[in-house]
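Order as written gives the chain letters A, B, C, D, E and F; numbering starts at 1 within each chain.
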Amino acid sequence: MIYITRKEHFNAAHKLANPAWTDEQNLEVFGKCSNPNWHGHNYYLYVTVKGEIKPDTGYTVNLKDLSVLIRTHITDKLDHKNLNLDVDFMKGIMPSTEGLAIAIWKQLEKPVRELGGALHCIKLCETENNYVEYFGS
Amino acid sequence: MIYITRKEHFNAAHKLANPAWTDEQNLEVFGKCSNPNWHGHNYYLYVTVKGEIKPDTGYTVNLKDLSVLIRTHITDKLDHKNLNLDVDFMKGIMPSTEGLAIAIWKQLEKPVRELGGALHCIKLCETENNYVEYFGS
Amino acid sequence: MIYITRKEHFNAAHKLANPAWTDEQNLEVFGKCSNPNWHGHNYYLYVTVKGEIKPDTGYTVNLKDLSVLIRTHITDKLDHKNLNLDVDFMKGIMPSTEGLAIAIWKQLEKPVRELGGALHCIKLCETENNYVEYFGS
Amino acid sequence: MIYITRKEHFNAAHKLANPAWTDEQNLEVFGKCSNPNWHGHNYYLYVTVKGEIKPDTGYTVNLKDLSVLIRTHITDKLDHKNLNLDVDFMKGIMPSTEGLAIAIWKQLEKPVRELGGALHCIKLCETENNYVEYFGS
Amino acid sequence: MIYITRKEHFNAAHKLANPAWTDEQNLEVFGKCSNPNWHGHNYYLYVTVKGEIKPDTGYTVNLKDLSVLIRTHITDKLDHKNLNLDVDFMKGIMPSTEGLAIAIWKQLEKPVRELGGALHCIKLCETENNYVEYFGS
Amino acid sequence: MIYITRKEHFNAAHKLANPAWTDEQNLEVFGKCSNPNWHGHNYYLYVTVKGEIKPDTGYTVNLKDLSVLIRTHITDKLDHKNLNLDVDFMKGIMPSTEGLAIAIWKQLEKPVRELGGALHCIKLCETENNYVEYFGS
C-alpha cells in the first residue's frame, strides 16, 4: 500500500456568516471573515490516494488522470468563483475550510474509486498559516 | 546606501471588469477574473526602503515602525476587504495587480519618507505565479 | 472528525549540552550545537487539533482563539528568548527539537481541550531540513 | 514515542517506459515522461524515524548520523545520476516516484534500525505538485 | 513604467561537458554535472516584462497571453526534454543555467515586443540554491 | 553580462543593543531583540556575482568554487555562532541584518574578484518577513 498526493490550487471569494444571526453576531464570531462584501484566498488542495502499485506501470494511479479528475469535479467549479454563491455542491454549506474540505471529499470519493484507488485524505490550505485535513469520517 | 524589505500579507476579494464594457467584452478580455460574484487572493506585499545605516542602531529604518506604518496605511484597509468596493484609495482604479501596486506606492511614499527612508519598490504577489514591481515612475 | 492546523513561529537561542559532561564530550556528541555562546533558529510550530464541526459556525475550533491560546501559552514565552535560560516550562529539559515539542504539548493539551477540541499533533521545525512530530504518547 | 524527519535532496534523470511495450504504447500511458532521451527532476526526500528520546542527549537519533546514513545509502547513489541506468538498487524497477520510494525504504530500513530508531515513513517529492509516502507495507 | 513577472516551470535532463575535452577533463571541471548518462532538474523560469499600464484594462500585458507565449516558444520545447539533444534553439550551446537563460531571452525578446511590452529579465532557477538573471546585454 | 546567485544558510544567535545605552533604552529601541540572554535565526544568504560567460564552460564562475569560497570566508565563521561574541569580522559592529550584510560584502568582494567575477549583491534574510540587500556603496 502506497500513498500518492496531487496538489492543485484555485482562487475564490467567500464570507463566513450564519444567516440566522445578525451582522453584529456574525462580526463577533467570525470577525473580518464576515465582511458582507466578501474577501478571498488562494487555496491549495492536496488530494491523497492510496492503493497498490500496478506492476506494468509502476503507478498507483496515473497522476494525469487524477489531475483531470480533480479539475473536472472540483477546481473547474471553484476557481475564480464565489464559494457562497456560485458552487452547486456548496449550497447550504458554510464555506469554512472545514466545510469546504468535507464537501470536496464527497465529490471525489466515488470518482477516485473508479480510477482504481481509494481516497485517503483531503488537505485544504486557506492561508499559509492554517489548513484542515479530512480522512472521510 | 542599503535596501531593506518588509513582507506583509492580506486576503481580499476583487473582480476585473471595465464598467464601460458589456459582460461579454469583459469575459473576453479578463476571462475568469471578470466573474460578477468576485473571486479572491492571498496577497503578499514586499515594501523595500533604501537609506543610510544609523550609527547608533545599525538600522536603516526600524522594521517595527515600518510594519506598523504598512498596517496603518495599507493592510488594515485591504485585509478581508473587497478591493472594488471597500477601499477608499482604490475608488475608480482597476484592481489589477498593477493598479493596486501603484496605489499602494502613492499611500506609502510620504509616510516612509517621514520615517527617515526612501520608498524604493513595491512588489505585490497575487498568486505564486505572478507579481508586479513598481519603482515610482 | 476533522483536523485543523495553525502555524505560528518564534525565534530563539539555545545550545545543546549535557551539564554532566565535559565540553569535549558535548562537542563530540552535539557538534556545533554545543557552542557555549549559543546559536539560534527561526522555529515554525504547527499545532493540530481534532474535533467535530460545530453546525452553527462550520468551525472545529475558532482559529483566532487557537492562535491567541498558542501565543499566550507558548510563543510569547519562547519568542526572542534563550530556551536554556529564559523559559519556565523548559527548566531542566534539554532544548532539542524533541524536548521542546513534548514540552509544548504538555503546555497546550489542557487549554486546547478547554477550547472544545483535542490536541492531535505538535510539529516543530527547527530548520527547513529537520522537524519532529509528537502525538502525545 | 516521537517522530523525527530529515530532508535531503538529489537531482536525477529518468524516463518511464515499460520495455515490453512499443514506443506508441509507452507514449499513450506515460505521455511526456516516456521521452526516449530522458528528462529529470530535483527530488526532495523526507526520511521519518520514530523512537524514544534518549535521556542523556534529548535526541531520538542524532540527525547528523541520520544524514550521513541517508547520503551513504541513498543520495550519493542517486544524485546527478540516471535512475534507469546508474543505480544498483533500481535495476529492474520502474523509476516512478512510487517505485523509487519503496526501493529507498528497503535500503534504509536496516541501517536506521542499527542507528537505534525505526524507519516510519519515506516521503518523496518529484515535483512541487506530486509526492508519495510509503510506510513499509 | 511597471514590471510584471510570470513564473513557469519545466522538467528536463542535461549534462555539462565540453565535447573538445576528455571525460577526465570534463569530470574535473564539471564534476557530477558531467555524468555521461545525464541528470536533471525541475527548472523555474521567471519572465519579467516592463511597460505602461493600459487605461482600459489596468494591465501592462495580459498575463494569459504572456503565459501562452512562454509555453509556445519555451516550455513546450523544454519540458520533459533533454536540453543537449532535443531542443532546436539549444543546438551547439552549453546547457548551463547561464547558456539556457540567454537562449530563452533570444527566443522571447521579439514575441514579447509584439505583445506590447519589453522583455526586462529572464530569471532561471536550476535548484533552490542557484539561479541566474539576464537583462539582455 | 549575466548575474548568477548562490544561496547558503547559517544559524546564529545575536542580540541588538547599543552598549552606550541603558537596558531600558535598548528595550525601547530594539524591543525583544535586545533580550540580554540572546535570541537567534536561520539566516539565508544570497550572493550574486556578475560576469561574462566563459566560452569553454558556459559558466560565469563555477558555482562549486563560489560555494566553497562563501563557506570558507563566511558561513564557517557564522554558522552555529554568536554574532556578537564569536565572529572576528563582526567585532565592534551592530549585528543588525544591515550591519551583517555589509560586513559579508567586505569579506567577499576580493575573493570573488579573484574567482573571475564581480560581487554584485549581498541579500541576507533574517526571517521570512524581512531581508536586506547591499550593492557595495
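As a working rule, a residue touches a chain if its C-beta (ideal position, glycine included) is under 8 Å from a C-beta of that chain, and two chains touch if they have at least 3 such contacts.
All values derive from a computational prediction rather than experimental measurement.
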| item | value |
| --- | --- |
| Furthest chain, CA centroid comparison against subunit A | F |
| Label of the chain whose CA centroid is most distant from the centroid of subunit D | B |
| For subunit C paired with subunit F, centre-to-centre distance based on mean C-alpha positions, whole Å | 28 |
| Intercentroid distance (Cα basis), subunit E paired with subunit C, Å | 42 |
| Residue list for subunit D, restricted to those that touch at least two other chains | 128 |
| Which pairs of chains touch, using the document's own definition | A-B, A-C, A-D, B-E, B-F, C-D, C-F, D-E, E-F |
| Contact footprint of subunit C on subunit F as seen in their complex | 9, 11-14, 32-33, 35, 37-42, 79-82, 85-86, 127-128 |
| Contacting residues of subunit F [partner subunit B, same complex] | 16, 18, 20, 29-31, 93-99, 101-102, 128-135, 137 |
| Complex interface listing, subunit F residues touching subunit E | 1-8, 48, 53, 56-60, 62-64 |
